[in-house]
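Two complexes, one shared chain (subunit A), two partners (subunit B, subunit C).
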Partner chain A sequence: MTDIIIKNLPILVVLCPLMMSLFVVLIPNTFISWVVTLFTTLITFIFSLLLYQEVYQYSSISYALGNWIPPLGIEYVIDKVSIIPIIIITLISFLTTFFASKIMPAEINNSSISKVYSLWLLAIAGLIGLVTTGDAFNLFVFLEISSLASVALVAMGAQKDKQALVAAYNYLILGAVGATFYVIGVGLLYGITGTLNLADLSSRITEINDNKALVAGFGFMIVGIMVKAAVFPLHIWLPRAYAYAPSAVSVLLAATATKASLYILARILFSVFDISDTLITLTLTYVILPLSIIAMFAGTIMAIYEKDIKRLLAHSSIAQIGYITLAFAIGTKASVAAGFIHMFNHALIKGALFMAITSMSFYLNKRITINTLSGLGRAMPITFSCFVICSLSLAGVPLTAGFISKLYIIKASISAEGVWIALLILASSALSVIYLWKMIEAMWFHEGPKDLVIKENPTVYIALLMITFLNIYFGLDASIVVNSSFEAADQLLGVQK
Partner chain B sequence: MISSALGVWNYWVVFLLMMIGLFLVIGRQNFLKKIVGLTIFQTSVFLLYITFGKIKGGTPPILNNINETIYSNPLPHVLILTAIVVGVATTALGLSLVLRINSEYGSIEEEDISAQDLVDYHDQIETSKTVSIKFKK
Partner chain C sequence: MDNNPILRIATKILFAPIILFGLYVQFHGDFGPGGGFQAGVIVASAFILYAIVFGLEKGKELFPLSINLFLLALGGILYGGVGIASMMLGDEFLSYNVLGSSQQAGQHIGILLVEFGVGLTVSNVMIALFYAFASFESSNGEKK
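Right, the complex of A and B next:
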């Protein structure tokens, strides 16, 4: 029995949420549907931990779907690189589902809760599938599964605020254009190489030199994925979608959705194409590097001037995605590893910050703007402490997870490009303190309304405490994250010819 | 030069449709017309796949006794079947969102909607401000 499970882990980790999403929609009771969802995400998380163990034993697992031998059949590949986003997605989705128990019924009609959980699992399944698959076209299907499910989830926010509809619409249109760009790219590459398997594609691409269709295909693929990953000029859909989605959905999407796409970006740049290729070097230095630097500052500055807190955090996400793509753009082993470290830590940080803001809006029962924060720090000590710790982590203060990732990014950038990028990173981090302080100041030093008495509910703050604990834990002992990220970078870049 | 460019006229059709679709998505203010554009854009990609899956005189890939049969590649056609399903799902979701937007905002023109949104956004920030000032006194 356990043998069968171990053998089929790569598909189980996708199938478990996918199949359960069909089942959850049939459950009329809101509590039972939550329990089933929680149980599913827990099982998926356990599967992904088992996979982690397996990957470190065999270095890479290939799973032929339906026993059709790759490269002809669809292949699921789990290696040291893809296990990182899988762990991020499953861990965060478990914590977020746990967190959603009280939050979801407060924002969504009882009649549609089981449908929301169904979409929720579908989005998670899409994201995990996106990461596990080794087939370029299968990747597109999962891209669309996850994005259509997330669009529907964002639109559910319309029960609170009608702006969610427009946010969802923009997300849908831009997401569909991005996915179609990706398909055009895959089509052009398929036309040249005659294969859809990513590993096979990579070996056949090296045999082709100087083909214009190859360059065009690469461009289409990269731009399509950059839309999904919200890399700077293509991020327009992100702030609104995160701000007006139901709060629990914001937590899930902010922590996981862009991470899967960033992983795909890294995979296409370094694994499908060759880092030593001039095409990739030019793309990294003249497209992705400048865009990431602009993103770091544009995201932070937009966050400073933003008054709506969920939008503020979304803008800050754009800056943080800038750090990750910056690390990828430097293109050395150390910097790619730093990118993966930050990917993991940012999921923890942003998840926690969104959770804290969500709990506040849950008790106040209104949107959180910079003015409604007044006095909340004293009224909600537990949530406030978690918020402060995670803000420090975002700013990169020592002893928190954010410090580790900033440290590695700066170290890698100094050794590869010199001091100027490190200085830019530090400047952007310093700017981020402004918006974090703005929120903390309002919470702690501004006098709140007199009748503001809040009794914090353990079911709401336990998940927040757990994720904050992880923030501190990975700040004190980051060896697991750092080692797996370096192993991942080795596997991603090292096998290259 | 010209004859070789015209020889691949099917690709010209594909990229013409692609540009028309993309232009509609970017250039139109009407939410419904954007979806029309998106559908044209996606359809052009279907044609792109099918056009390089097809060979002149090619037959379906079924083994027969005649040796020199030319087969068309079936894989792009199958991929496009999947992509059509995805496209239909996207269009359906988009249209249902447009319906809801129309009933909530009373318009599907981007200008009207962003004007209403701007008012709402400022309202949210202003009202919360007045509340907190009232309590401070």
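Right, the complex of A and C next:
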């Protein structure tokens, strides 16, 4: 039995949530459906840890679906690069499912909760599949599975606020445009090379010089993925979708959804295409680098002027995605590694911040804006302290996870591009302190309503405590994250053809 | 359309042959054009036709939502179940070779079950979509 599990791990991480989502939809009882979902995400997380072990033993695992030998059949590839987003997604989905137990019934009708959990698992399965697959078209399928499931999840917010429908519709249309662009790109590349397997594709691309269709295909793919990853000018869908989705869904999406797409972006830029290629160098320096820098400032400034807290955090996500793409755009090993470090840490930070805000809106039973925050700090000390710690982490204060990622990004950018990018990063971090302070000030120093009594509920704050603990832990001892990220960058950039 | 005998009788006559044709496309799919997806849509069209002619209420009486949801999930579970069975028998996910006594028999069983799963899910998704869109109007009228 263990043999079978070990042998089939690459498919099991995808299959476990995918199959269980079909079972969960049939469970009428809301509590049982939550337990089954929690159990599924836990098992998936354990599978991904086992996979982590396997990857470090064999460096790369290839799994042929249906025993059709790649590149003919669909291949699942787990290597030191893809294991990082897999761990992020499975860890965060376990924590958020745990967190959702009380939050979900407060916002969703009892009759549709099991369906929401089914979609929830489907979205997770889609995201994990996106990362594991080594086939360009299979990737598109998972892209659609994850984004359609998340669109439906966002739309479930309509039971509280009808705005969610508009948000979901925006997300659907832009997501569909992104996916279409991606698949057009895949089609063009398939026309030139005659293969869909990513590894095979990259070896055939190197044999082709100066092909206009290749450039067009590359452009379509990159733009399509950039929509999904919410890279700056293509981020319009994100703030609304995160703000009006049911709270638990916001936590899940904010922490995981864009990470998988960012990984795909890195994979296409560095692994399918070749970094020494002028096409990639030009794209990185003239497209992705400037966009990331604008994103860092635009996201932060929009966050400063935002009143609604969930939207504020969503805008801040855009700035943080900017840091990650900036790290990729610099294109050295150290910077790509820094990008992966920040990918992991940002998932922890944003997950925690959204959880804290979600708990507040759960206790108050209304939307959280900057005005409703008044006095909440004193009324709910546990949630507030977690919020402060994670805010510090977002700003990049030492001893938190955020510091580690900022440190590595700045170090990598100084050694590659000189001081100016480092200065820009520092400036944007300094600006982010403004909106973080605005929230903390409101919570702690502003006088709240007199009758504000809140009894904090352990089932709500335990997950928050866990994720906050991880924020501190990975700030004190970042060796695992840093080492795996450097190994990943080595594998991603190392094998130069 | 309750008072139109031609439509009602034509529907009753057509209902069984449509499903029969669906089954033909389903099981012929192993050897020629056809397969679960097309068959699923054809089978669903029989139920949708019934619901259009006799009304949504009658349609839901014939094919209740709970069964619809159950079969919808069951099709997917059947598909994945074939994959899990082949993993249990020691081969890769969805590798049909190990399912039967010989490689050919295994391939036959595998594709048959998988296509049947596809057919179940597709037909029920079609019906579910029809129910969802058809009941949208009426629930909108009595909006809360």
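Following the convention adopted for this analysis, the second predicted complex is superposed on the first by the 497 of 497 C-alpha atoms of A that agree within 3 Å, B and C clash if a C-alpha of one lies under 4 Å from a C-alpha of the other, contacts with A are read in each partner's own complex, and residues count from 1 in each chain.
Please note the rule applied: a contact is a pair of C-beta atoms (placed from the backbone, for glycine too) under 8 Å apart; a residue touches a chain by one contact, two chains touch by 3 or more.
This one's a predicted model, so the numbers in the text were calculated from it and none came from an experiment.
With the C-alpha superposition on subunit A as described, subunit C and subunit B fit side by side in the combined arrangement. Of the two partner chains, subunit C is the only one touched by A:Val25; subunit B is not. Looking at the shared chain after the overlay, A:Ala158 reaches subunit B, while subunit C stays out of its contact range. In the superposition on chain A, contact is made by A:Lys366 with subunit B only, not with subunit C. Once the two complexes are laid over each other on the shared chain, residue contacts for A:Lys307 go to subunit B alone; subunit C is not touched. Once the two complexes are overlaid on the shared chain, A:Leu172 sits against subunit B while remaining clear of subunit C. In the superposition on chain A, contact is made by A:Val141 with subunit B only, not with subunit C. When the two complexes are overlaid, the chain among subunit B and subunit C that reaches more residues of subunit A is B.
Across the overlaid pair of complexes, the angle with its corner at the CA centre of subunit A and arms to subunit B and subunit C is 50°, in steps of 10.
Superposition on chain A leaves subunit B and subunit C with their closest Cα atoms 6 Å from each other. Comparing which residues of subunit A touch subunit B with which touch subunit C, the overlap is empty. The residues of subunit C lying in touch with subunit A in their complex are 69-70, 72-73, 76-77, 80, 83-84, 87-88, 90-97.
Interface of subunit A with subunit B (complex): residues 137, 140-141, 144, 148, 151-152, 155, 158, 161-163, 165-166, 168-169, 172-173, 176-177, 179-180, 183-184, 187, 190-191, 196, 307-308, 366-367, 369-372, 374, 446-452.
Those residues of subunit A lying in contact with subunit C across their complex are 4, 8, 11, 15, 18-19, 22-23, 25-26, 63-67.
Contact residues of subunit B toward subunit A in the complex are 18, 22, 25, 31, 34-35, 38, 41-42, 45, 48-49, 52, 75-76, 79, 82-83, 86, 89-90, 93-94, 97-98, 100-101, 104-105, 113-114, 117, 120-121, 124-125, 128-129, 131-132, 135-136.
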